[in-house]
Amino acid sequence: MVEAFTVMNAVGLLAFAVAGSLKGAEADLDLFGVAVLGVLTALGGGTLRDVLVGRVPASLQSTADVGVALVGVALAVAFVVGSEDVRGHPALVVSDAVGLAAFAATGALVGVDAGLSPFGVVVLATLTGVGGGSLADLLLTRVPVVLREDFYATPAALGGVGYWSATAAGVTADEALLGTAALVFAVRVLAVRGDWRLPTLSAV
Amino acid sequence: MVEAFTVMNAVGLLAFAVAGSLKGAEADLDLFGVAVLGVLTALGGGTLRDVLVGRVPASLQSTADVGVALVGVALAVAFVVGSEDVRGHPALVVSDAVGLAAFAATGALVGVDAGLSPFGVVVLATLTGVGGGSLADLLLTRVPVVLREDFYATPAALGGVGYWSATAAGVTADEALLGTAALVFAVRVLAVRGDWRLPTLSAV
Amino acid sequence: MVEAFTVMNAVGLLAFAVAGSLKGAEADLDLFGVAVLGVLTALGGGTLRDVLVGRVPASLQSTADVGVALVGVALAVAFVVGSEDVRGHPALVVSDAVGLAAFAATGALVGVDAGLSPFGVVVLATLTGVGGGSLADLLLTRVPVVLREDFYATPAALGGVGYWSATAAGVTADEALLGTAALVFAVRVLAVRGDWRLPTLSAV
């Protein structure tokens, strides 16, 4: 079971790194900038999570995660050089949803372990899922996509609620982790297929 | 005495959440984005403060603060939906000054407790007071208002100086806390009434 | 030997504070904003470094560093008021390279001390060197200069690689520190003289 989760996490790192690198290439950054955007998108959420609970970021301690992220950067560079437009490609969208699911679930787990309030757990799940992409957006001086009419942060937040409720109800951490990931993935995929959006106040 | 401070803090959370949510609604964020801006404006300064001194953020551990912040978000949504323009309303300006005062005072207290230098205490007082609003500005890719011709961060910084001096002179923490809050509030209200501004270098 | 390093560090704080203050003055911030930009550019990288490894930032604990930074702010204000355009002045460019070298070296040292992976050491060296300027850019809602066709972050990253390799090979921390600083300085100065740039993907 834990192996399944490790695979989901790696898929997510790869997909996030590809997406971040493409964003950097589009903004005409140099190669260093493209790599920074890719790696930051992949590792930024987990780094924020660890800093918030006072841990030295796992991203700076292991080499495996950054290795996967750099593969994602290389893939993205190959796509751009080959003039292949992969944005919106179903494989990328699904991998991205897998990453959101895995990251939100680990965020919730770390939050519960650190003794956070339910609100804190939801914040940590959400930030772990969307923090990397949002940091990348900020570096490009863009309003983070997740704040605008998009159903992307919401599945991660729901995952936080789900994980907290499950562990409060006595479910084991391993089971809650996988259940949360499945929930986030399902909600995100449904949201993409159904083009779900949250209303803006001007539309009310 | 401590109760008075708790009330000031709650008033500040409410006022900051209303102001942040209005900013988000104005930028046409979706409902999730509006709530993020409101909660971040209310809790962001204290979160920065705690991260800087290596504490797990109080904002992620208690539920009371985020509850008050969410009430502020709901209020702001009601104002927007009811097309009531409350910006600049005296009640909001005064509540905001109360919040700045309470937040700057707690920032100074945490800084002295953590053994920071006088400079560190001033930074922590200022960041606790203006950090939430500045983070919200950054998410909207705006230069934080406090960096431009405005007398908003200055009262908070003066509060840091005041608190540090008072405790160095042997005043108890409780008294210094209330005295600092009173100082920050008075300076801020005078600044608003007198339309005080710091000069820019181009005006020199 | 350690004294030489202390001097390099002080030169760097001064140069970074001047550069940051000039940036703030150019953006027409008020005096408080100019000081914030100057101090943040000087101390921001080291602060990020300390927060990432879970230390209370040295910048908030000592008074010497901020004193040097404030001298830099005052210098910059004097330049602006005297209408002297010092940007690109060789003295500033060389001092800036000295700062980049000293900061990248301390970042690498702190990273190795904290037991980070080689990747973590490189990240910490780079962030310590370029983090302050990048935070200042973000406050002004600009894409950090280091992400765009510039050979500025690369010397710092190379310094991280150099320091890690040297200590892994058994070189003492003191020697590795000075060697790293020399390496970063040399690469940066060569890059400026030769107008080195990393390619962008659109140029590939």
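Labels for the chains are A, B and C, by order of writing; each one numbers its residues from 1.
Basically, a contact is a pair of C-beta atoms (placed from the backbone, for glycine too) under 8 Å apart; a residue touches a chain by one contact, two chains touch by 3 or more.
All of these numbers come straight from a predicted model, not from anything done at the bench.
Engineer: Roughly how big is the turn, in degrees to the nearest 5, that lines up chain A with chain C by CA atoms?
Structural biologist: 120
Engineer: Could you check if the interface between copies chain B and chain C is built from the same residues on both sides, meaning over half shared, or from different ones?
Structural biologist: Both copies touch with mostly different residues.
Engineer: Rounded to the nearest whole Å, what is the centre-to-centre distance of chain B and chain C, using the mean of the C-alpha atoms as each centre?
Structural biologist: 30
Engineer: What are the residues of chain C that contact at least two other chains?
Structural biologist: Touching at least two other chains: 51, 54, 138, 141.
Engineer: Quick one: which bits of chain B touch chain C in the complex? Just the residue numbers, please.
Structural biologist: 51-54, 111, 114-120, 123-124, 134, 138, 141-144, 146-150, 153-154, 157, 197-202, 204
Engineer: For the complex, which residues does chain A have touching chain C?
Structural biologist: Against chain C, chain A makes touches at 24-25, 27-34, 36-37, 47, 51, 54-57, 59-63, 66, 77, 80-81, 138-141.
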